[in-house]
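Before anything else, here is the set of structures, which you'll find just below.
Two complexes follow with chain A in common, the first pairing it with chain B and the second with chain C.
For the complex of A and B:
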């Protein structure tokens, strides 16, 4: 603590002497405190409901998936959980496509999608194991949340919920206390730097009420006692397309570019009551930064602070020449005859 | 006419920048790794078109330490070969059912859902090790292919005894070989599987034939199947001289009636949504083979293939037109390439296709949710008897009884009334165990010429525990497809690759004494007895309501005293009220004297309360007492 303070003091004194402009200092300091310190981004996107009539929840989660992927989070750092298959569902007249709008403007499923947990794998147990990093032995790497103390994590949940719970697959539910415990454990295990928790379900605000962990910013599509509503029906598939909150969130995110100056503060106001019908709930008391100064790409993108260096940096690979020579000098290998075992059980032929 | 004209406008000259790279021809350099891409288009009966993509990466590597430095082989494949003792691996992800009777045999076999089997071999390998490695392997590929292969465990895996033989070459014969097989018939296949599958290719989906695999057009098909096959081939004399072979296949069947209602003409662009933009620069060869005879005779090709070749396999000749994509794109100037199949006008009398020599069907018999019978029907249309091996994997929630296994030949004609029993040549049965092991049954028999065999086995459906039901319990539970293997003496409808070869090209003129055939039947769906999951909730709600409704009145009847109170006539006026009170008090004093006796007579109770409540005339005290007694009874 002391050397850090000393260093800061020194910097202040130095810049005072150099700039002769004391009025700049506090602002620069405030900016430094407001600047993000994250080094990588992760996203956990969960659709918890099964069955065709919950098409809208899949469209919800895919909307966010599309946005985070477009803004630069790679598939290896997105954990996508989808409880049912809508794109290739026999009821879908457009196989391999999921739209957010009856006019079919945006195919949120896209041509390049990787679902990490799907179908019966989407359970409360798997979700909690994923958050807390207690996955079973032998779990594939793409099914693990390998975040660290420098990760900004986006958690998005959608499904059918109630006061204090969210249903998974119509057969089990996660409670707000379980969620809060999971996030607390993440904090204790240094699995996140900042966490943005977003939930689109009925009475969504009840899900973040029990949070106590620091650096968590939470937004919910509706307050306790309110229902979250869907946006519109597509008569050609006979079900609701998407939920209101996510529809407007996607509308906003579609305008965000990787280098845009849009902030989380703007994003939190994306769905006023007149369009959402439900009241969007926000919880900021655990979050130390001002959302209006946090770029939205801190959570939805994967832009990392870059340091420009004019110094020379040695990036030679160890023994690079060895590999190159090996390839060039290799001689054609000896061909051999392929003889396989008899492929049909011999006893029968007799 | 206009459509025909449209088809003639085939070569679109559009500039494509990345193809400038194509000038660097990979095959000029010698490497130990080679990549080949092939596409086979076969028109099938009934306005169907089969397109088969095969991407083969073949890596001739030296010693084992070298396995991490891959160039074209995906690193994950090299790593699993390094980490696990797996020598051969087959994964299939399929949606739809292959119709053997009209379509003939596919180039690569697959069953609906996910299917995987693997061979493990290494010195000092035990069966327990293999079980562990098998589950790990499935977990790895569940991540690689985004499928729920992590559900593969010992409760749904078996070790087939006769039906699968190793297709790899191992170092000497001293080490034991183990095989594991499992299916997940419920698995869905969609873009999320196609995307990572394409990412295993050296060029990804950036260039080459893989650009044709667009999700919207792949999932529009009647049948689509993705396959991954890995095997290692080692020189038996030199253990350092090995080959890793990765074959990725995509087998699609389009229904032309769904694509275009008016005509049966089609083109690459119509099937895949776009023309071909070139070849994969890393590929040694990129070819398109188009079948010209049988159903292919109906069509004229525009542009004409560069050359044609005939392939005679087992007495049956197939004519193929060949397009060498590398030659087509050799010149400068990039463009999109398209092939059109234009049907002859007024040629509606299509020849009826002959059914293939051997095919099978499977169905469930019986009714109710308690027991049933699995029936498999294998038909031989050939004029010689055929040896058949059939393997069943019955999941643990269905109990199969070996003593009910029947194998009889089905009468072909109506006048033959007696069903003849057939003889088992081979029988392997491993009974299942609830929640632990599936039932594994393998039978072998000789199927007489021109006949069908019916194999039936009786099963019981188990009542699962509450938490063992999936979230959509009423959908039913699956029994995976049966696998049938045989040896055909003729090559009719037979298109599979010879096992020694690795390219589709190797199947040309590959006549053998016999042809190994593997078939898959339909998967079955059984509705196990499913409880009404909301029933306990309903019962609790109903019972609570009844109790609550009953409790209130009973409690008040049991504890409260019912007293008939006389209406007092209280005057409204204040003055009169005072007057009334005064007179009342005077009256009460007189009643106390009279009413003392009945109060004393009461054996127990709270006389104070009664005094407060009882506001009555002395002459009614007697009747009130009897009322109280009644209530306290």
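For the complex of A and C:
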């Protein structure tokens, strides 16, 4: 087996060397550069606003949660932050349920929703601590972003934003600078491989303006100076159900299956101005890959890069006894004697 | 030396001297500017379109769920109530209302209260309110909304609003079946007009305190159950299920208003349900008037201000404002027969019920009390308003007249004194100071205090134990005390002759007090402040203490001042009102009727101040009457021999 494998390797090296002689970059190299090298996926989904009339923000974040979970990111790798409890709000005519559509097909607050940060725990401090990994002692494992240099991280933010900030609860804001600093720290601490930053608020594009860290792809529901708008009202609940950008993003995501060939490039175009009313902002300059060649599951799913080999590979071991005997025989036990060096050189003194 | 008291900086500069020469012109210019500004408020450029600023309300986002069965229930309840009314000609069918509340599964309670009427030998009146609480199903009872309907017995002189109670009950029955209430709903049926409401509110907020029964006239008692802090209230006055239009009443006690958001909310919901609704809405016929937009707006503003100025609430909602609860009344007027629009009688109440449901759900969404929009505003049109920032300049310009006049009079004081003096050249700056110092401050203060005391007596005397025991009914008693006090004030300047220089000083202090009073009253109740300012400022500007003035002008000022005596003004207002109300009376009858009506009005104002906390009576007695006494003193301008100040100056 061994010489055969060696031969294959030699052939590959040879062929690569042969291609280097042309002026073009080798196709395989280009492919390799475009191919993701991540080993795991994480998602941080944040609803930063509270109050009953902000029902839609909770619906937004729960919908995205549902999608990433469906596409394979386990709950242990999703950090869900929800600033208010809509399901159990006294004004909710359907207690314990949250819908993202007036048709009420899907209860996005289903049986298996794990909210990691809830209510007043959703603060700027906790969010920044979560991103940078500086959680306080005693923080539960479920409240930590335990990502590494091989993680692809999806960050989704929704709430009420302004030029350069996003409001948390009704009392504080995170600024775009703080956000950029947090992400830079993540990069320096090797907490991500690639980062997809998605934000649905008014003037959302202002939030990614200050980013400088590499491998970050950002998309925002509206440009600076624009409002992001809600999609529709459910007249039986009496609130706006979902925001436009998230609605169309979901419409796209719902059609995505774990092994789908859809790309991030397509995802970036889900909400044209005609339907979104606001202009979707995209920031690609920090991202080295071509979004049209990046499968959407690189961020929304948990599909790791795998290599398919058509060759036969023997993964079974030989008969164990034979193997053991072989090892024993091949390495005859050496007779050796342990000589302890004297610790103190007494002879010299003698 | 302190810079402000530096005599070289004293007011002796050319500008002030020149201005002082044209003092009256300057003041009248300000007055005209204020009035013109006010007139301009009716122009669309000066007022703004209404909008909802409270996000939480989210009006009209829900489909109304109330259905025709609620209408059937309301009709059936109305029939039952009509049968009950036959047996209760002058009382309230408490048992029936209680039974219905209980039948609908509400937490039902009654509230008893007693009024100890201070006049006429101390009679006692008893009353009873019925209320049911619908507890919010999934939240603690920390907040509540009140839905109230006044009940009027058949013997009442007011418009029949029997349909309100069945409507309230039908809505209560609907609300009970819903699980989305985040606040307790209180359904309240009050009797005896505003008295019942006042007693209930007092019992709700102060019932658990130790009753101070010695001093109070309304013994409100306590309530057996409460529903937390009240956030808003909607009072319903419905004449009939078949409604023509809805008049939204907002003016509350002392001219307070509910938050503009609440008014806008009602307008928005009513518009959605297709109900004609508006502020000071009138029947359709009158609405099709040929008046221009501007004239209509101005009329609307004046109508609002005149309702507001008396400080008497024009509905039960007005008493809530005292406890910082935003409330208004929706008063539904009966559809006149022969109308072109025929409503289906089996669903007549549905739009109104839907509107109430919509308002209730929006109020239910509130996260805190109304605080986003304006509390001080004037409604120009159903969808246009003037904010306090826009209307205050009018009043400030009027009040500025008196302050400017005070300043100019003060700065020219020494100049006039100096010209009286024999050798003006020897005067130095310190000499001028000493003139100001030598003014008779003490006697002026005493005089002011005396005027204030006379006014204050108007508050105290009518309720004094000895006087209440006199076998005279309330109206003549109060009126005669007030007249006596006015006569006292009238006679004061004849009896007391002020020392030299006192009149000038009194003039300045009058102007300052008057200006301050206008601003303060205008901030609390703009309408009252503005009307008083418009009426009296020209007279105050015209007042002149100089002996050299024209004698005809002087006597004209005196007559003018006399006409502006508070009692005379009240009498004239009542006279004009009775002239419009009873055009058939002869002049003599009219004068007599107005006199009795004015006596009644003064008594009612007193009772309002005692029971409801209306401060109009207090303001008239304690602010306007003393000010008038001083005005009258200045108009008479009686002074001692003018030789005396010279002598005094020479001593210095």
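The rule we apply is simple: the second predicted complex is superposed on the first by the 283 of 350 C-alpha atoms of A that agree within 3 Å, B and C clash if a C-alpha of one lies under 4 Å from a C-alpha of the other, contacts with A are read in each partner's own complex, and residues count from 1 in each chain.
Definition applied: a contact is a pair of C-beta atoms (placed from the backbone, for glycine too) under 8 Å apart; a residue touches a chain by one contact, two chains touch by 3 or more.
A quick note: this is a predicted structure, and the numbers were derived from the prediction, not measured.
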{"item": "Which of chain B and chain C A:138 touches, first, second, both or neither", "value": "first"}
{"item": "Chain B versus chain C, judged by how many residues of chain A each one touches", "value": "B"}
{"item": "First (chain B), second (chain C), both or neither touched by A:121", "value": "first"}
{"item": "Which superposed partner A:53 touches (first chain B, second chain C, both, neither)", "value": "second"}
{"item": "Contacts of A:339 with chain B and chain C, given as first, second, both or neither", "value": "first"}
{"item": "Partner chain in contact with A:259 - chain B first, chain C second, else both or neither", "value": "neither"}
{"item": "Which superposed partner A:93 touches (first chain B, second chain C, both, neither)", "value": "second"}
{"item": "First (chain B), second (chain C), both or neither touched by A:235", "value": "second"}
{"item": "Partner chain(s) touched by A:112 [first = chain B, second = chain C, both, neither]", "value": "first"}
{"item": "Residues of chain A that lie at the interface with chain B and also at the interface with chain C", "value": "51, 88, 95"}
{"item": "Contact set on chain B toward chain A in their complex", "value": "30-32, 60, 62, 69, 71, 95, 135-136, 139-144, 146, 148, 150-151, 162-163, 165-169, 186, 188-192, 195-196, 214-216, 218-220, 233, 235-238, 241, 387, 389, 425-426, 444, 446, 470-472, 485-487, 499-500, 514, 516"}
{"item": "For the chain C and chain A complex, residues of the former touching the latter", "value": "55-56, 58, 61-63, 65, 136-139, 178-182, 361, 364-365, 367"}
{"item": "Touching residues (chain side chain A, partner chain B) in the complex", "value": "50-51, 83, 85, 87-88, 94-97, 109-116, 118-121, 138-143, 169-171, 323, 326-327, 330, 332-334, 336, 338-345, 347-349"}
{"item": "Residue ranges of chain A in contact with chain C within the complex", "value": "51-53, 88-93, 95, 233, 235-240"}
